[in-house]
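First the structure, which I've put down as structure tokens, then a few questions once you've had a look.
Naming follows writing order (A, B and C), and every chain is counted from residue 1.
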Amino acid sequence: MSGAGGARALGYAALAALAALPFFLSSYFQHLAVQIVIWSLVYTGWALMGRFRLTSLGHGAFLGVGAYVPTLLWNNYGVTPWLGIPAAMALAILLAMVVGYPCFRLKVVGHYFALVTLALGQVVLLVIVAAREITGGSLGMTPRAVGHSWYALQLPDKASFYAVALGAWLLGIAAWHWVERGMQRPALEAIAEDEEAAAAVGIDVLKEKLRITALSTGLTALGGALYAQYLMYLNPESMSGVGISLQIVFAAIAGGMYSMFGPTVGACLHHRAQRGAARAVRHAFRRRRQYDLRRAACRVHHLHAARHRGLGRADGGAAEAAGPGHARGPGGRITLDSLRRF
Amino acid sequence: MDIYLLEAIINGLLLGGVLALLSLGLNLIFGVIDVVWIVYAEIVMSAMYGVYWLYSYYHWPLLLACVGAIGIGALIGVLVHVVVIQPILGSAPINQLLATGGLLFFLQSLATLLFGTDYRNLGIRLPVIEIGDIFISFSRLIAFFMALVGAVLLYLFLAKTYLGTAIRAIAQDREIMGLMGVNERRIYVITSAIGGGLAGLAACLLVLQYDVHPFIGLTFGPITFMVCVLGGLGNMIGGFIAAFIISQIIAVGGYYFPVEVAEVLAFVFFIVMILFRPQGILGK
Amino acid sequence: MSSKSISAASTEMAALLRLKDVSAGYGSFAALFGISLSVESGEAVGVVGPNGAGKTTLMRVISGLLPPTGGRIELEGDDLAGAPSYRIVAAGIAHVPENRRLFPRLTVEENLRMGAYLLQARKHFAERLDGVYGRFPRLKERRTQLAGTLSGGEQQMVAIGRALMSKPKLLLMDEPSAGLAPRVVDQVFDLVRGIRAEGLTVLIVEQNVRRVLEVVDRAYLLETGHIRLAGSAAELKENAFIRQSYLGL
């Protein structure tokens, strides 16, 4: 009796400590804390599937949906993120269901499932880049800034954002707890071990898988949305695609994907490591890449613009840009965009 | 037929050749050793740097640099197997995924460290061939034929030699290979070397057409995996067919739509195909 | 119930294969306990016993698929215990595994080619292939057919032919008649007799006690990992225990 009460009291104390944390930290560490909390949510979301052998290599897809949808709604229609984010989560879950339902129904598992998710992550990235008119493509986009506003969920004051992030993280932990305590966990573990046997004892395999997928992708989308709102900058590379998807997998597993706070530990590990040279390099690269892209995009040289777009047509020429009689040809500087058009 | 559409189809065909070569290596490894080298595109990237380095810094003749790159690819392949895969051969696929995935980050970081994040180019401008109104890049043409040559050589090797037959056999029944007098470990190592060597060959063909940078693997990696799975993971003929299907979708799609849309079409096609036939076109 | 009466004289020197006190198991499960047996050059020796007695384990230990936990396995005096299979095969032991274990998606001829993988065997591939086709004309007709599509009996022929391609000193056969129709079983045992007559040394493990005692010179009875009886085929056929338990007489 008192043991359970004692544990709970400890839990509340820890929670209070966590909540109060930002007030004791310098700005830089506050920044780190916010990032860790948000990514903990994302990794926890992934781990909800990963721990039951539903290894997704494409969670970047849901991160991307979560990041871009509220921003697009806000920028174009003035929809507050408080509505935009749930909408994004719903959309992410819908996407997961659309792909997941046939997958689970047709027993696409293991390597095949992982690679389908990989493809999904890429699709979202490509769609974001393709829709560059509204998303800014590889250059990225920013939410329309209105200074400090709870309505717009733009909180330059890190401590406030930390509170929001912490709340979301708690949501993730609560979800984990719900799965642990309920019938979901033994059902899903049974499914993970032997799907046919599980079905034979009456477990609705399809429903369980879909449900945990919905939970996982919804939380991931939430994390993506918060990250975008916090950074006030989105770009497809860091919000979708293979790189970030793999990062999620690694961090979640490194911290331990079978335990409630494992993914959170993974976030701490990952983002501390980021402080090293690795982060400096990656940052430099991202900046450099953007610089190259801007430089290329700003080039007025008609032929060059035609050329590098033309490369993308995989035909070595630029059918659209060049009229008859215009010189066409491959070569020229190859930018990331054209590389992507492999 | 619209001449530009024809051009797109032809270029799609040429693209398919290199994609097919890429998928061959991956399928070989998976079909024989039953592991997915998530790091495969990065091996290609490393070999591309190899060509670049040998050609630009050491001024090796291009052909020799390419041979060197194939060797580098083979060497990396062997290292991947011996250092990373062999110790965890029996364990859960997720561990293999993690191990090769970790290697992916490692190679990217190493390349960044050694060469920085700049785009590197060989600086070779190969001519563009004009046939009628169609423009075909010569480098692409070479790549296509070399890919075919590579595929044919691989086929002959697997079908006609003792070693090749043993490689096919070990994929079917590993346990009794010893009873044939075959050293299984050695077969796996040789297979890894071949897989890596194919990556090296693909690298030579790619570096003629594209710049190299540490993260280039992220551009063609997913497509390569998609092609392999679409054809049936482990099935080399299936991968070959799938490569040409996907490249045609991208090329012809790129004629009618912006290229990213064409790629989206390709991926969506993949997802739908897998849902209808999860084992892939020629999968079991 | 244990009696070891060895009436066939076998001196230490003449034995082609000699197992001394061999034990083996799978993890914590012990399957063989201190097995000692011998096979002389030119002999046909049988090992009989019920299911689960350890017969297949015995074969796997000899051919190197399973390392023994103790004892010596001497081929012409050299201890091969614990050596990897490919080295044991190179030393001259060929194993026709239980259930044939052909490579299903290789053709008949490719399967046979795998049998001749050893460097010393490759040189003689062509002539040995002719020999196998001579012995099994039906296989020659089906040389380009995928092995997985053959009937059980044909597969057994391929399996035996494959083992013969390495021109072994000792042929191990694990339950060659298992799962085969009675007429095919006849063919298999005729085959064993034929191989036997050509002077090849054979160690054959079988559940079909009656049939195997007709083709071998000597036999051992293996029950729950122990050798219970040993003797010439004639002796075992007359043995009361064997007659009662295995021959249903």
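Everything below uses one rule, namely that contacts are C-beta pairs under 8 Å (C-beta built on N, C-alpha and C of every residue); 3 or more make two chains touch, one makes a residue touch a chain.
This one's a predicted model, so the numbers in the text were calculated from it and none came from an experiment.
*Asks:* If every chain is reduced to the average of its C-alpha atoms, which one ends up farthest from chain B?
*Replies:* C
*Asks:* Nearest chain to the global Cα centroid?
*Replies:* Smallest offset from the overall C-alpha mean is found for B.
*Asks:* As a quick test, compute the distance in whole Å between the mean CA positions of chain B and chain C.
*Replies:* One centre to the other, that is 44 Å.
*Asks:* Counting only Cα atoms for the centres, state how far chain A is from chain C in Å.
*Replies:* Chain A and chain C have C-alpha centres separated by 60 Å.
*Asks:* Per the centroid of Cα atoms for each chain, what is the distance between chain A and chain B, given in Å?
*Replies:* Computed from C-alpha means, the inter-chain centre distance equals 28 Å.
*Asks:* Considering only the defined contacts, which chain C positions touch chain B in the complex?
*Replies:* 63-65, 84-86, 88-90, 94-95, 97, 101-106, 110, 113-115, 117-118, 121-122, 162, 166
*Asks:* Within their complex, state which residues of chain A touch chain B.
*Replies:* For chain A paired with chain B, touching residues are 53, 55, 99, 102-103, 106-108, 110-112, 114-116, 118-123, 126-127, 129-130, 241-243, 246, 249-250, 253, 278, 281, 284-285, 288-289, 292, 312-317, 319, 328-331, 333-334, 336, 339-342.
*Asks:* Could you list, by residue number, the parts of chain B that touch chain C in their complex?
*Replies:* Its residues touching chain C are 162, 165-166, 168-169, 172-173, 175-183.
*Asks:* Inside the complex, what are the residues of chain B that reach chain A?
*Replies:* Within the complex, chain B contacts chain A at residues 4, 7-8, 11-12, 15, 36, 38, 93-94, 97-98, 101-102, 104-105, 109, 112-113, 117-119, 121, 125, 128, 135-137, 139-140, 209-211, 214-216, 218-223, 225-226, 229, 233, 247, 250-251, 254-255, 258-261, 263-264, 267-268, 270-271, 274-275, 278-279.
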